[in-house]
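Structure, as C-alpha cells:
Chain naming follows the written order as A, B, C, D and E, and within any one chain the residues start at number 1.
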Amino acid sequence: MPMAEKILEVKGLTKYFDVQGGFLKKKGQVRAVENICFDLYNSETLGIVGESGSGKSTLGRALLKLLKSTSGEVVYKGKNILDLSDTNLSLIRRELQMVFQDPYASLNPRIKVGNTIAEPILANKMVSTSGQAREKTLKLLELVGLRPEMYERFPHEFSGGQRQRISIARALALEPKVLVCDEAVSALDVSVQAQILNLFNQLKNQLDLTYIFISHDLAVTKYISNRIMVMYLGEVMELAPTEKLFSKTFHPYTEALISAIPEPSTKGKRKRIILEGDIPSPIDPPSGCKFRTRCFKTMKKCKNVHPEMVEVESNHFVRCHLYDARKEA
Amino acid sequence: MPKLLEFRNFSMGFKDDDGTVHNLLNNVTFDIEEGRAVGIVGESGCGKSVTNLSVMRLLPRSAVIQGGKIIYRGQNLLKKTDKEMEDIRGKDVAMIFQEPMTSLNPVLNIGFQIGEVLKKHRPDMNEEQIKNAVTNQLELVGIPSPEKRLKQYPHQFSGGMRQRVMIAMATICQPDLLIADEPTTALDVTIQAQVLDIMNRLKDKGSLMLVTHNLGVVAEICNDVVVMYAGTVVEKGSMDEIFDNPCHPYTKGLMAAIPTLSSGKEELYSIPGTVPLSNKFSAGCRFADRCSQYFDLCQDKVPPTRQLSASHYVQCWLDFERRE
Amino acid sequence: MANYLIRRILKALLTIFVSATIVFFIIRLMPADPVTLLVDPKMGPEVQQAMMQQFGLDKSIGLQYVIFIQQTLSGNLGISFKTREPVTTVIMQKLPWTLLLLFIVVTLTLVIGIPIGMLAAKKRDGLFDKFINVLIVMGISIFIPFLSFAFLYFFAYYLKLLPTGGAYTPPPAKGFDYILDVARHAILPSLTLFIGNVATIILYTRNSMIDVLKEDYIRTAFSKGWNEKYVVRRHALKNALIPTITVAGIMIGSMVGGAVMTETVYGWPGVGRLIYDSVSSMDFPVLQGAFITLAVSVVVMNIIADLVVAWLDPRIKLGG
Amino acid sequence: MRKKKNVAFLSALLVIVMLLITACGSTGTTPTTPTPADSKPKVGGSLVVGLTGDPYNLAPWVSNDINASMMMNIALPTLMVTDKEGKKVPYIMKDYKISSDAKVYTVTINDGLTWHDGKPFTTDDLAFTAKYIVDKKLGYGADMYSGVVKTEIVDKTTIKYTLKTPQVNFLTQVGYWVPIMPKHIYENVADPMKFQFDGTGYGPYKLKEYKKGEYYTFTRVPNWPLANNGQGAYLDTITYRVYPDANALILAIKNGEVNVSGSAIPVAAQKQLEASADKFGIMRVNSLGFGYFGFNYKNELLKDNNVRKAIAMTIDRDALVNIAMQGGAIKMDTPISPVYKDLVKSQIKFPAFDIEGAKKVLDAAGYIDRDNDGIRESATGKKLEFELIYKTATPNIDAIANVFKANAEKAGLRINLKPVDPATYADRVVKQKNFDINVIDWGVIDDPDSSLGTIYLSNASLNMMGYKNDTIDKLILQSQVEPDYNKRIQLMNNFQTEFAKEIPTVNAWVRVNAYGYSKDFSGWDLTPGLYGLVDSKDLVKVYKK
Amino acid sequence: MQNRTFVESFVKKRLGLFGLLGVLVIVSLGLLAPLISAYPKGYGTEILLPPSEKFWFGTDGLGLDLFAQVVWGARTSLYVSFVAVMVAAVIGIPAGLISGYKKGLLGSLIDGIIDIFLTLPVLPLMIVIAAVVGSSITNVAVVIGLLAWPSLARVTRNSTLKVSELQFIEAARCVGISPRMILFKHILLNIAGPVLVNLTLVMATAVLSESGLSFLGLGDPTTWSWGTILKKAWDAGAVIDTPNPWWWWFFTSSFIMIYVICFNLLGSGINDALNPKTRD
C-alpha cells in the first residue's frame, strides 16, 4: 500500500481514570489507555480491535478530546490538539468527528432528527441562517440515504439502521476529514450492518474521509480496514496492514483472537486456541507483559519486563518478547 | 431418530394496552431430535427468545398463546399443569440466558443458587451431597477453586465466569434439553471461545436448542438450523443444507451480508429495510417487502412450506430444486 | 464493611452538624429581639445585662456560634429561656416518649406494610391490588390533624373508649397497670402516624417488588422449577426489601415531622410537642436542642436502615 | 420617686398579664351557678385540674407566669386574698396595722403554720423574702418590696416594715402578689434563677411528684390550720395536668379525665359543658380587664381627633360581643370598665356605633374619597389606611379584627390586619411603638386609678399610643393620692369626660371569664382573683360527693 | 417516551385523567374565585348555619359563607403550592442538573448538600423557620419551597445522571454544542417527565405543609387558606362541639384531601404514561 501523508500523529497518548470508592475514598486508577503511538494516514481506514477493557473506546474519545487525556499528544495539522484551548479547538474539532455505537441512545429522543443535524451546523456557525442550515441538512439526509421529509420526524419513528444514518449525517454536518466510528455497526442487525458498512465505504470515496474504525468484531474490522491495530488492556499489541496481520500473525494474542472467531461456514474447522482465564481488570493489570497471564507462549521474562513495540516487518509492529531479537537485529 | 421436542403450528402474540393481540409467532413448526443441537437463527424481533420461553412456559403475562402445540416426549407442554411444568423445568428442560450479569440473583451466593436446582429435583440428596455435586459441577465448567467460589456472590464473578455458573446451574440435573438463549452474545470473543468450548463438551449429554443471531456460533455447535424471520420459520434443515445451500431469499441474504474472515473487500450484499415491528407484519410473506425476488402473491398470501429434502424445508413462493 | 460504616458515620456527623448550624442561624435571624422575650422591661439594666450574659446573648453571633458548637459537642445544649433548666434535661424527659411512639409506628408500618405491599405486587392488577392502590393514594394524601380530629372525636369523645391525650393517667400507676395505661394512650397517636406512613411503605414495597419480579434472575429461578411462593420468598423478598428499607430510613425524617402534629394534637409528651411548645414560647435553646435531637434520631435511624441494607446486600457488605 | 416606682411595678404587672393568653382577673359578680350543698363535706378523693400551659418554673418568684402562680398557690398561698367584693383581706396574715403616715406597716401572721418540710413558718421568712427578692431582683416582687428600708421582727408572728416614702397600697400589693419564700432553703441559694425549687411551701397542699409538661401532683396537708376550722382541705390529692390547648382540655373534662379547668375556657367549650348540665357546671365572672383599640399618635392621620372619633363610631360593640366573641363578653362603652359600678354611674360614653355619623365626621374634616377607590384621603392626599396589629394567640381576636375592619371599610377607611406572635407584638408595640392601631385584650388586676395610670399617663411605659394630655395626667395623679372615695369618683368622671372627648383608645368589651367543673365534686366557690376555681382559699372547701 | 403516545397512554390511565380533572376544577375554582363568590370578610348575622341552598357549605362562627372560604382558600392553596413549586424548581432543578452532569467537586458538593437536606426532619425545620420569619402566606410558601427543593433536586439529579450517560449527550459535545445548551436543552428536555411528576407531588405536599403550619398557628390568619379555616374551626371547638357544626371542618378537610389526592393521581398518571414498564 502506498503510504499517503500523515493526517494525525498520536504520541504516547495515555488516559487514567480515577476510581472513586465512594465518599472520601479513592479506590485506584483504571489504566484505560497507556502510551499509545500511531500515525493515521490520509484516506485510510484504521481498524482498532480489542475486547472489553482494551481501551479502544477511550482511545477514540481521547483522540477527539471528549475525554481529557492524562498525557501524550495528538498532532493534527501540525498542532497538538490536546493543548488547544476550547475556542481554538472548535475549528479543528470540526474536522475530527465521531459516529457512536448505540443508534438508539445517540440521538436525542426529544429533538427532531432534522434539528439534530442542523444544530451543530448552527452552533459552529458554518452557515448564518437557519434556512441555510436546513438546506444543508436536507442534502446530508439525502447523502446518507434518507428522504427529505424525514427532517420533521422524531428518532423513535426510525429503525436502528436509519438512526445510524442520521448519526452519520450529524457527524458529516461539520464536514470532517477524520471520522472515528466507535462500534458503529455492533448494535445493528446483521442485515442492516451490511447496509451501514457499505454506506461507510461509499462515503469514504465520495468525501475522501479517513476512518478510525473501532470494533470488537475482527471480521467486520478486517472487511473495512486498511490497517488494524490490536489492543489489549490499554496497550497496542500489534499494528499492521490488514493483509499482513492475517497472513502472518505475530502476536499470540492476535493469533488467539483470530482463531476464537467462529466462522459461519461448514468448511474446514480450524484448530482453535482457547485462552485461559478472564481478561484482567485494568485497575490492576499484570506486571511485565499485560497479556502474560493468558498467553500460551508465556516466558519467564514476560513477568518482569514490559515488552516494547517492535517493527518486525515493515509497517508491522508487535509488542511481544518473542520478537525482541528482531529489534536488536 | 426419536423426536425430543416438536413445535406444531405454534402461534402466539402479545396483548397491547388496549387488549388487542398482535401475532408474533405464526405456525412455528420444527423438531428437535434427541441428541441433536439445533440452532435457531434470526435477527432481533424475529421471535427467537419467545420461542425459548414458550417451551419453558415462562412467557411474560402479556403473552397470548393462539394455537398449536409444543410436544415434549409426546406430551403437549401447553396442556401441563403448573405443578407438572415445575417438575419439568430445570430437570428435563433447562435454560441458559443471554445476560449472565442480570440472570443471577445478586443477594444469594452461587453455591445456593446452583444447589437450589438439586434441592428441587433431587429430594433424595442431603446438604452435603448437594454441596459436593455443586462443587463438581463448577469444576466441570472450568471454575477454579470451586470450594471457595461456592460462598461468593455474583458480583464477585466476571462475565465469563457468571456464564459458566449459569451453565453449571442449567446442566447440574443433566437435562434432556438444554435451551441456550444467546449464551455468548454478551461475552468477549476470547471468553466466547471458552464458553463455546464448554458447551461443545456438554452438548453430547442431551439435546441443545441454541438461539443466536451469530451464524458463526451456530456453525460451531449445531447439527440442525432453523432460520426465523418475523415470527415465522422461513427455512430449516441440517447445518450443511442451510450453510451450503441456502434457499430462502432471507437466508441467502443473511449469509451474504456477513463479512467473515475469509470474505473479500467487495461490496457486501445487503437486505434493504429492517425487520418490521409485530404490529406491522404483512398478511402474506412477512419478508415480502424486503425481498429481492418479491412478486404480487407474496404480499397477500402466506407462502407454503416446501420440502426440499428429508430435513430441508423452506417457506416461500419461489420454486426450488428438490434434492435428496 | 468497617470502611463503609466509618464513612456512613462521618456523613451522619456532617448531617447533624449542618442541621445544627442551620437551625442556629435561622433562629438568630428572627426579626424580634429575643431579649424582649427574655427580659422583663421592669428589670434594671444591670439585671438585663446579667441575664443576657447568662444566655450568652451579649456576644457576637460568630462567637455565640462557636460557643454553641463547643457546647453541643460536649453534650451541653444550653439552658432553657423559660424554665432555666438545662435543655438536655428537658429533652431527655421527652425523648423516650417520642422514641417509643416512633418505635411502635416503625414496627407496625414495616410488619404490616411490607406484607401488604408484597401481596399487592404478587396479585398485581388484581382486585386486591386495585383496592390497595386506592388506599395508597388516600394514605399518602392524609392530612394528619384531620385524621387526629376524626380519631379523637370518634374514639375518645364519641365512644369514650380511649383517652384524649397525654401518655398516661397521672399520677402514673405502678407495674403492669402502667404499661397498660401507656398502651391505651399510645393507640391513637400510633394509629394516626401509622396510617399516615404505612401507605408509603406499601407503595415502595409494591413497586420494588414489581420491579424485582421483572428481573432476569426471577425468571432464572422459575426456570429451575421452583414455584411462585418459593421464588418470591427466597429470591424476590430480599432484593425487594433493599430499596424498601432504604426508603423506610428516609421516611423516618418525614415521620418525625408528622410526629410534631400528632404529638401536639394528642398532647403526647414527646420532642415534637416540645418543639411546638417552644415555638409558642420562643424558647430558642430548647427549640434548637429539640431540633438537633430529632435530627440525630433521624440520622441514627438512617444509619440503622443502611446497616440493615448492607446486611441484606452482599454487594455492600463485601464492599463490591 | 414613689410614683415612679409605682408606675414601674404596675407596668410590670401589665406586661406579665399581657403575655398571658387569657386575662385572669375577675370582679365580685356572683357565680351564675350556685353550688348545691347536696352532701356533707368529707375528707378524701382526688381532683384533676386541667391547665392549658405548663408552668415554666415551680418557684413563682422567678417564673412570672400565671400557670406556676395558679398551681403553686395551694402550696404557697399569699398573705392576702380577695373577698367576694374583690376587696383584699388577710389570709395567711392574721391582721395588719398602718401607721398614720402610711410608712410603717405592722403585720401579724397566723400561728401554727409550718413549712412542708417541718420547719416552722415565721416572720423570719417574711423578713427574708422582703430582703432576698430585692437583693436578687426577683421579678415584680423586687419592685413591690423596693420601698422597704427596714424590716423589724417583733416576735415569731409579728413583723414591722418601714417604708422610705408613704405608700397606701404597699401591703395589698405584696400581700396579694408575693408568696413568702422559705428562708431555710433560699438563704444558701446564690443564684435563684438557676436553682431548682422543690416546691416546699406552707399551704394546704404540698407537692408530691411531678413531670414537667405533663402533670403535678399535690397531697393534702392534714389539719392545715386555716382551712375548714383546722381540719385541713378535704381532697386527698390534687393533680394538675397540662393539655396542649383548650379543645383538648374540654374533651378531657367531658371524658372525666379532668374535673376542673384551671384557666378560663372559651365560649364554644362552655356551650359543650352546658350541654350536659347534669355532669358539669360553669361559673362565670367578669374580667377586670377590658379590650380596647389603641391609636398611635405618631401616625399623622390618627393624631387628628376627627379620625379617631370616626373610627370610634365604626365600632359595633354588639357584633364584637355577640358574633366575634360568641357572647363571651359584655359591651364596654365607657372609658372605665362597667365592672366598677360607682365609676360608670356618670354614663360618660364613647361615641355610639354610627357609620353614617362617622362618614359625616370624616366629610366635615375634609377626608373625602377623591380617587373613588373606596378609601378616603386627607387634604394632602394621604389615604386613610391603617395597620391593625394584634397577637394571634388571643382567643377570638381574628374575628374581632375582622368585624372592626368590615365596619371601618364601610366608612371609607382601610384596615390592614397584622396578626403577630406575642414576641413580635411585644417588640413592635411595647418596645418600638411602631404600629398604627392595636387591639388587645387587656387584663388588669388592680384598682382602676393605678392601672389607668400605667396606660394613659404621658410618661407611662405602657402608653404605647404616645398619648400626652396634661389634664389626664393631672387627674390620674390626683386620684392616686386622693383618700376620699367620692372625691375620687369625681376625679374619675372628669377623667372620663376628657377621655371620651379625646379617644386615645376605644374601649370596647369586658370578657366574661368562665370556669368549668365536674359535678362529681361539691363545695366550689369563685371569688374575684387570679386563680378562678382553684384559688387556695376556695379549693380547700371542695370535696368529692 | 414518545410524544403522541404519551397523551394516549395518559388518557388511558383513568385515574390520572381523574386527577387532572380534579386539578383543573380546583385551579378554576382558585382562578375564578372572584366570579364564583364574594371574598368572605367582615361578619354576618347568620351564624353557624348548616349547608343550605343559600350557603352550600354552611356558615362559620362569624356568619361567613364557608363555600366562599373554601373557594378563596383554593386560591391561596394554589398560590402557596405554586410559589413553593417555583422556589423548589428554581433551586432544585439547576442543583440537580449540575450535580448530575458535572462529575467534579461541585457536583459531589451539591450532591452532598442534597443528601443532607433529604435527611433533615423537614416539618420541624419548617416550623422553626416559619416561626422565625413570621406569618405571611408568601413567607410560608417560600419556606415550604425552600425545604421541598432537595427531593426535586434528587429526582433531577438521578434523571440527569441517567440521561447524561446516554450517547446523544456525548454526541452533542462532540459536535460542539455548548455545555449550557446541553444542560438546559438536551438534558432538560429529556428529564422533563420525572421532574414534572415530582413537581406535581410538591404541589400536593405544599398544601399539606401549609395546612399543617396554619393548623399549628404558624400560617397567615388574615388570608383564607384551608389550613386557616381548619385552625379557626379547631379554635372555636367546632371539631368536637356538640351539637357539631361539622360543615365547618368537613368540607375544608375534604378539599385538602381531594386536592392532594388529585395532584398525586395526576403525578402517578403522568408517571405511568411516561414509564410504560408497568405494562410488562
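As a convention for this text, contacts are C-beta pairs under 8 Å (C-beta built on N, C-alpha and C of every residue); 3 or more make two chains touch, one makes a residue touch a chain.
Note that the coordinates shown come from a computational prediction; the quantities given were computed from them, not determined experimentally.
The chains that touch both chain B and chain E are A, C. Counting only chains that touch, the fewest steps needed to get from chain A to chain D is 2. Taking the mean of the C-alpha atoms as each chain's centre, chain B and chain D sit 91 Å apart. Measuring from the averaged C-alpha position of chain B to that of chain C gives a distance of 53 Å. Work out the mean CA point of chain D and of chain E, and you get 44 Å between them. Mean C-alpha positions place chain A and chain E at a centre distance of 49 Å.
Multi-chain contact residues of chain E, defined as those touching 2 or more other chains: 131, 134, 217, 234, 239-240, 280.
Those residues of chain D in touch with two or more other chains are numbered 251, 393, 421, 424. On the side of chain C, the complex with chain E involves touching residues 11, 14-15, 18-19, 22-23, 26-27, 29-31, 137-138, 140-146, 149, 152-153, 157, 210, 214, 250, 253-254, 256-258, 260-261, 264, 272, 275-276, 279-280, 282, 287, 290-291, 294-295, 298-299, 302. Taken together, the chain E residues at the contact with chain D in this complex read 41-45, 47, 61-63, 131, 134-135, 217, 220-222, 232, 234-243.
Interface residues of chain B facing chain C in the complex, by the touch rule stated above, are 56, 58, 82-83, 86-91, 94-95, 97, 99, 102-109, 116-117, 120-121, 153, 155-156, 166, 169-170. Those residues of chain B that touch chain A in the shared complex are 43-44, 158, 160-161, 188-194, 196-197, 213-220, 239-240, 243-244, 253-255, 257-263, 265, 267-275, 290.
Across the complex, chain B is touched by residues 51-52, 159-162, 189-195, 197-198, 201, 216, 218-220, 222-224, 246, 256-266, 269, 272, 274-276, 278-279, 294 of chain A.
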